[in-house]
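The following block contains the structure, expressed as structure tokens.
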Amino acid sequence: MSGVAGLTRATLAKDLRLEWRSKDAINSMLFFSLLVVVIFSFSFDPTAEESRRIAGGLVWVAFLFAAVVALNQTWAREMRNQVLDAYRVSPAPPNALFLAKVIGNFIFVTILQALMTPLFIVFYNLRALGPAYQLPIVAALGTWALVVNGTFFAAMSLRTRSREIMLPLLLFPISIPALLAMVEATGAILTGEFSAKFWIVLLAAYDVVFTIASLFLFGLVLQAE
Amino acid sequence: MLPVVVVTDLVKQFGRFAALRGVSAEFTPSRLYAILGDNGAGKTTLLRALAGLTVATRGSISMLGTTDLHSVCGQLGYMAHPSLLYDEMNGMENLRYFARLYAISDGAQNNEDRCAGVIRAVKLDPSLTRPVGQYSQGMRQRMSLARALLNDPKILLLDEPFSNVDLRSAREMVSLLIGLREAGKTIFVVTHQASLLEGTADEFVWMEAGKIVSRTRDLQHQESR
Amino acid sequence: MKRAFPILAVLTGVLLSYAMYQALVVAPTEQTMGDVQRIFYYHVPSAWTAFILFAINFVASIVYLIQRNAKADMLALVTAEVGVVFCTVNLVTGPIWARPVWGIWWTWDLRLTLTLVLWLIYVSYIVLRRFSSSGQTPLLAAVLAVFGALDVPLVYFSIWFFRTQHPQPVIGGGGSLDPRMWHALWINWLAFSCFAALVCWSRFRLEVLRRDLDETLALEALLEPRSSKARSS
């Protein structure tokens, strides 16, 4: 399957290069993420004890909103000059395009998280009482869960009206188990009161199930007129 | 000579609008066909059906001996009014990427030469670093044609290649098409500017209200029934 | 087939009346909760009916993806719409029952939460069907239904574990049921199922008529000569 891997790498490289050149999408999203953190911090002002319990929820809801903004422009460049038609007319495997977009979004959202997390730590005086090494694992699995379905639903939304609202509308219900897992796992690690292991396994299972489903069905969605 | 494209009773409906209302035709190889007609006649729909971008409601298309259009899509070149190029990259960068879609991987240097070759064939300069989005319309259409030629296709499908293009660019494209026809390619050109292909096209295919109404050797078209 | 519909309608009418009689009169009053508990005979069967309809939707969507069968797509559409209605009934009767009995409107217990998530998924399914262009709607909807179905076990396990970590009151309580209560429950479920089948069938017929109309108009457009002043090609 080296064809798929090679094309995925080429597409990802192209996307990263284009993003680096224009920088306007990532800049506005970074600022948006910052705003989200500040607004949340104003709205919820708990004590240190409580903050560890609810931080999981706050952080992931904030990440979710930032992710939706990023996901909504996944296909923007391809839509501009009907580039997707060039893809559909060629023998290129659609999954390569899909994987490249998912990985690109993953990198994107991770950068946003890298900005937002220190701010949350500062505003809420967060400190992990449990095994902190598990946090990056939860972050990675959780982010993948959001972007794999998000990229897929973004492609589905291309064929609908009200594209920008359609994406979160489709994404949020399906993501509920993953969101619950992310929030609970983060809470468990921060408070140290429970083990996050079950949630991490659930997230991994969620990721596997929906990555396979997306790879299986993306070709159909791409070919839909 | 065996026909290279056979269309049988092709019907395409978008809800209640019938874009193609039973098109039947055979096309022989190494010919340049000009498809003409008013707006709404079905020219673009026919071309997109040949490209595999639109699935017919009824009827069939046989291309290069098979009705499985996807299996022969590597031998098709498609060009439309949108450029199907990334505005933010320059010509060579665009072509380098699109060459990957066709898995043309006979070595990196050969790839470079191939991309530079098609760019020169459309009388553009491969070393131009300006992003395609800043090209004039004529240059953009020529670059889009270069993209369609990357995989050395047997069949070329061009939708309004000369629209909004300066006369010199248009004439250069026509002489390029003549050369491609001599090289054995079958070329379909949908256009409103039939005069550009006078004396060049082997056949003028006239469409009206979703049907082919006549096929003539020259531009004298009988009055529609 | 044509005679079956009125027969089903009459049967449904009879069953619903009998079921209401069973639920409101015959079934004994519950010890602790009193007459409010009778809402249970509407709350539970509507959930079961909704789940069955959603299961049919899943199967119909898979059939559509494999065969591109228009009838499968219509069945999926119909069961989704009617399923959402029954799901809504369940979600509304839940809090109405919970408030006087347990003092709370809502709790994130397994059943209620699972039902809520299913409701959300299928409402998004219906919105997708409305917002997509008609050529692509069956395909996109079928894909979403598959995603939704894959999600259900994950939702179940996530909430189940969540509740073992954070135990909370369970609405609808366990305990054994008086045999007359079981009888009322089953009768109501049977009546609801017949009602669901009736509504689905009507909706299906309506959809068939609508698509026939569209096809006829489309065929007319195909056959009649039209002026060249139509939309651009």
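Chains here go by letter, A, B and C, matching the order in which they are written, and residues are numbered from 1 within each.
What we mean here is this: a contact is a pair of C-beta atoms (placed from the backbone, for glycine too) under 8 Å apart; a residue touches a chain by one contact, two chains touch by 3 or more.
All of these numbers come straight from a predicted model, not from anything done at the bench.
The chain pair with the larger count of C-beta pairs in contact, out of B-C and A-C, is A-C. Overall, the chain located most centrally, as judged by its C-alpha mean against the mean of all protein C-alpha atoms, is A.
Using mean Cα coordinates as chain centres, the one most removed from chain C is B.
Here the spacing of chain A and chain B, counted between their Cα centres, is 39 Å. The geometric centre of chain B is 49 Å away from that of chain C, both derived from CA atoms. Averaged C-alpha coordinates put the centre of chain A at 31 Å from the centre of chain C. In chain A, the residues that reach two or more other chains under the touch definition are 225. Of all residues in chain C, those that touch two or more other chains are 135. On the side of chain B, the complex with chain A involves touching residues 51-55, 70, 73-74, 76, 78, 80, 82-89, 93, 97-98, 100-103, 105, 147, 151. Those residues of chain A whose C-beta lies close enough to touch chain B in the complex are 3, 6-7, 10-11, 14, 18, 21-22, 77, 80-83, 85-92, 225.
Chain C contributes residues 65, 117, 120-121, 123-124, 127-128, 131-133, 135-136, 139-140, 143-144, 146-148, 150-151, 154-155, 157-159, 161-162, 165 to its touches with chain A in the complex. Put simply, chain C touches chain B in their complex at residues 134-135, 214, 217-218, 221-223, 225-233. For chain A in complex with chain C, the touching residues are 149, 156, 159-162, 166, 169-170, 172-174, 176-178, 180-181, 184, 194, 198-199, 202, 205-206, 209-210, 213, 217, 220-221, 224-225.
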